[in-house]
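Shared between the two complexes below is subunit A, which has subunit B as its partner in the first and subunit C in the second.
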Partner chain A sequence: MTDAMRKSMTAMKLAFLILIALAMLFPVVLTVSNSFMSEEEIGRHYDLLDGGDTAAAGKNVMIRLIPETVTLSQFGEVLLKRPKFLLHFWNSVKLTLPIIAGQAIIGTLAGFAFAKLAFPGRDRLFFVYLLTMLMPFQVTLVPNYLVADKLGFLNSYGAIILPGLFASFGVFLMRQFMASIPDAYLEAIRIDGAGHLRAFIHIALPLAKPGIAALVLLSFVDNWNMVEQPILFLSEPFRQPLSVYLATIAEGARGVAFAASVLYMTPMVLIFLYGEEHLVEGIQMSGIKG
Partner chain B sequence: MHGYDEGHEGECKPWKGGNHLIRIRQQYRRDAPFTLLFLAPSLAGFLLFFIVPFGAVVYYSVIDNPVNGNFVGLSNYEALWDSGSFRKALVNSLLFAGVSVPLLFAVSLGLSLLLRAKLPFRQSMRTMFLLPLVVPVASVILVWQTLFQWNGAINGLFLAWGMNPVDWMNSNWAFAVMLAVFVWKNAGYNLIVFLAGLSNIPTEQYESASMDGAGPIRAFMHITWPGLAPTSFFVVVMSIVQSFKVFRETYLVAGAYPNDSIYTLQHFMNNMFASLDYPKLTAAAVLLSIVIGVTVYVLFRAERRSREALQ
Partner chain C sequence: MQTNMERRKKTLGWLIGLFFTLLLALTFLSNTIQGLSLPKVSVQKPDMGGLDLNVTGDGFLQPAHTAQLFAEGDWKVEEILKKKNDRVKRGDALVTFDTASTRRTLQDEKTRYEQQKLQMAKMMDQMKAVLSSEDSAGADNQKRDLESHKLDMQVQERKIADLEKQIAEGGTLKAPVDGIVINVNASEGAVASRGQPIVEIADDAAGYQFSIVADSNDASMLRIGDKVRVQLDEEPRRSIEGFISDIEDAPTGGNDESTDGTNETITFDVTDAKLQPGLKAYVSISNQSRSMGMQIPKSVLEQDNNGYFVYTVMEKDGPLGTAYYAVKTYVTIRDENGDTAVTDGLLPDEPFITESSEPISDGDRVRYS
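And then the complex of A and B:
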């Protein structure tokens, strides 16, 4: 291959990749840009969507990326005049934060045990953890419902948070990170009977920090998005997290739905941009066989 | 495999095996209190919320109902099999896995091969591919509606080009729409895993292959593909699992009552739950876990065999 050919190959690859990247980005760009339109403009563009099959053919929604006038009125409306939005946002926070914190603590401890301690049946038990990680939520739906009922948690966040704390994904990911810490590091600090505890606190924990960060991120992604648990375990609409509420806001209040969507994705996107390296490392770790 | 503190490494007597076992047992005893300390919180919750419930699911699937508790053998399974909506859901779930997993595999492998080279904007492109993973599906529902509803933008384009509009969400096309959402959401994750797998293949292998006159296709077949085998295995397993969990996206994009073509096992199970039909629900749960378990086992075996064949 000549140099010129190689260069044009690279240019073609690049153009193709950029095209795909833009397509991937498109839903986000459209949502963000439309969140700066006025309610009136949104109404004009999108009211056709409610027409259903009977609406006149030939009249279709057009994609508009640039608002006629840039305004923050949607945001103002959502934040100041729609207390429901903040209520559901807060619900999401109340559901997500305890699960993330619990998973990080429980997962780090158990991950250390699975990676660095010896006990009978260890690898087999880990495999069982792995299998449960792969099962959809619905598999243990009935008994989880009955357990929540027995514990008096039905219709409260406990029914969702408690099982969430013990999700095996946290244990799996932290075990992968812990296993990547060389034994020699731990050996060096082991002195007497309390060795494991010291090794954990002084060596394993600091070295596993990127792993904890990755777990926090991946768990946030998962739980900020939760749908199945709330729609099955929480009967009152006002208890639903934002993920479920937003699916209904789209029809009733399209004028502010774009701004609401942007507010909903913002914490997630900011944390992602801040901790992308950790997220990438976490994904890589999940893919390593060990 | 065994803890890191193999203290008595020095004394290697002729009966190596025996010593080895004694050492492991000593280690078990020494580690036991710590194992308890570290593992107990996780194990307690794991048993209470996953293992015991799973046992309960198996039990419920062979009794008439939780109140009476009469053993009915496999009749719940027969009733389940006779249910038309179950068979539809099962076929749809398997079909979705069968199409979406290879599609996602091809897309993310292709992207990773392209992104592997030193390109300008490589880092920012990786960020863009990863973004859908963190963007909540609920926050882009409006976009999917804008695109795919009857009066949506895609039909607008179709009309402008003189083609017939398609009722995307209320026909078999809904299946294709869900495929698009699935690939959009999950390509970034697999891309990262593939990139990590690719970076583990030594570059010398490619250099010597190119000195032998091997073209890019031969290099891919003989170096990249076998080198990626463990990664591919992982990607396939995780994609299958994700494809069985596509309910979340389907629910958000298409609502609780989607078109028949995207009515999956998860919809079926949720409906059984809502109508309190525990026998059918638990029987379906047992069947689904058997399907997933067997799939993972078969893939595990295949991966081991391919690794042994390489050595």
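And then the complex of A and C:
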């Protein structure tokens, strides 16, 4: 292969990747740019969506990236005139925070045990744990529902938080991280007379920090976006998290849907940027993506 | 490089904190912010009970009946003895006339009577002559003439008696009833015309009356014959009993501001010895309407195709606290007066909206004050 050929190959690869990146980025860019349009403008561009099949025949929704007038009216409308948005936002926070915190604690402890402690049936148990992760979420939904019903958790956040705490993904991720910690460190501290807890706190935990950060990030994205569990477990509309509410806002008030989506996205993007380095590390370590 | 990374992290951390703080603050203020944009309403709870139907008013007493006195002849008024508003007793002299002209006529008539008498004597003499001549036809004729002449004389006698009576009685105009002189239509020295009353006297016996105008809803409980207390504007004030003698539709004025614009004229009769025309009289009649229900001011009533309604306030507990909504509540009007209506369809403790900062419609969220 000549140098020129290699160069053109690289260029082609680059062009292909740029194309894919653009396709991926486009919806996000569209959402952000449209959130600065006035409600009236949104209505004009997307009015075909209201007309049904006949009106839409032969016409397309006008996709505009540049607003006629840049305005923050959508954000004002969502934040000031729709207290429901705020309510659902905090619902999401109420659901997500305990799950993340719980997963971080349980995941690190369990991961440490699976990676560094020797007990009978350890690997078999881990395999069973992995099985639940391999199963699609929808498969465990029905058993989850039945258990929640028996425990009297239906219609409360407990029905979502409790299964979330023990999600196998957290344990799996942390086990992979813990496994990367050289045994020599632990042996050294044991020789100095430390028990498992001391070894965990002083050796495993500081070394697994990037892993915890990755877990927090991935878990946040996962739970912030959850839709099926709330729909299934929570019957009252006002208890639903933002992810579910967002789907309904588009029906009644398309004009503010873009702004609502941007606001929905914001904490995720900020937290992602904040923990970006650890996330990459975490994904590499676990070999899967969230 | 490391510091660059750290700075970026710091900024991001700040941004995350800022975002959540902002949303927290907005949540904290959400009810306040929303409250500001809602129409502010004032409410009131309805009173239970019948409607007070008040009729008040005043009027000036008018005599129910006036005696009109005419002069008996075209006489000059000699003296006016009673003035307007004088109280008179039956038989009191009111006006004296100079009856000279009638007396002269009387004298003339008397003279004519004397002449007729002379002529009668003459005819008697002629009769005697005819009887003696034995002319039977002539005698009959003479007899009839005589009879006719006698009748003429009787007429003349009555005429004289009339005139004498006129002079005797009409010379002084006397009050036929107890009462008050309300009009004197003569001047001393001038000839009183016979066509119009010289004196008018308000008859005490017939009493006085006055009228007021009242809203027909308020007056709905009043009946002809009802006894009422009438206050008189006298010093000292006193009240006498009267009764309703008449209720009839009043002609409505163009700029009447009451809602349906129908009014009633109510006439009261009062009888008392010491009344005088022009006296101001007040009445204030309070009645309770027969129908019981919720009393609401008429001003809050609204109307659409389905009838009358008021806006009531409904409380709903929402996730963000209690919210209030305006709800159309239809009511049936059972009774009404000038400003209040008695209705069915409201609960005793159901607050209804009396005022709103903006026009509201069914289902609107409102702010309670």
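We adopt the following convention: the second predicted complex is superposed on the first by the 261 of 290 C-alpha atoms of A that agree within 3 Å, B and C clash if a C-alpha of one lies under 4 Å from a C-alpha of the other, contacts with A are read in each partner's own complex, and residues count from 1 in each chain.
Operating definition for what follows: a contact is a pair of C-beta atoms (placed from the backbone, for glycine too) under 8 Å apart; a residue touches a chain by one contact, two chains touch by 3 or more.
As the structure is a prediction and not an experimental result, all values here were calculated from the model.
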Query raised in the report: So if we stack both complexes on subunit A, do subunit B and subunit C clash, or do they fit?
Result: fit
Report task. Name the contact category of A:L79: first (subunit B only), second (subunit C only), both, or neither. Result -> second
Query raised in the report: Should A:A188 be classified as contacting the first partner (subunit B), the second (subunit C), both, or neither?
Result: neither
Requested in this report: With the two complexes superposed on chain A, say which partner A:L19 touches: subunit B (first), subunit C (second), both, or neither.
Outcome: neither
Requested in this report: Could you say whether A:L87 touches subunit B, subunit C, both of them, or neither, answering first, second, both or neither?
Outcome: second
Query raised in the report: Which partner does A:V70 reach: the first (subunit B), the second (subunit C), both, or neither?
Result: neither
Query raised in the report: How wide is the angle at the Cα centre of subunit A, looking out to the Cα centres of subunit B and subunit C, in steps of 10 degrees?
Result: 130
Report task. In the overlay, answer first, second, both or neither for which of subunit B and subunit C A:L97 touches. Result -> neither
Query raised in the report: In this superposed model, does subunit C or subunit B come into contact with more residues of subunit A?
Result: B
Report summary line: Minimum Cα separation between subunit B and subunit C after superposition, in Å, equals 15
Query - On subunit A, the residue positions that both subunit B and subunit C contact, one per complex - result: 271, 273
Report task. Could you please specify the touching residues of subunit A with respect to subunit C in the complex? Result -> 79-81, 83-84, 86-87, 89-90, 238, 266-267, 270-271, 273-274, 277
Query raised in the report: In their shared complex, at which residues does subunit B touch subunit A?
Result: 1-5, 24, 27-28, 31-32, 34-35, 37-39, 41-43, 45-46, 48-54, 56-57, 60, 66, 111, 114-115, 117, 119-121, 125-147, 149-153, 155-156, 159, 165, 167, 170, 184, 187-189, 192-193, 196-197, 230-231, 234-235, 237-238, 241, 244-245, 247-248, 251-252, 255, 265-266, 269-270, 273, 278, 281-282, 285, 288-289, 292-293, 296
**Report entry** List of subunit C residues in touch with subunit A within their complex
**Finding:** 5, 9, 12-13, 15-16, 19-20, 23, 26-27, 30-31, 33-34, 37, 318-320
Query raised in the report: Can you name the residues of subunit A that touch subunit B in the complex?
Result: 10, 13-14, 16-18, 20-22, 24-28, 30-31, 34, 46, 48-49, 51-53, 55, 57-63, 105-107, 109-110, 112-114, 116-120, 123, 128-129, 131-132, 134-147, 162-163, 165-166, 168, 171, 183-184, 186-187, 190, 195-197, 200, 221, 224-225, 227-228, 231-232, 242-244, 246-247, 250, 254, 257-258, 261-262, 264-265, 268-269, 271-273, 276, 279-280, 283-284, 286-289
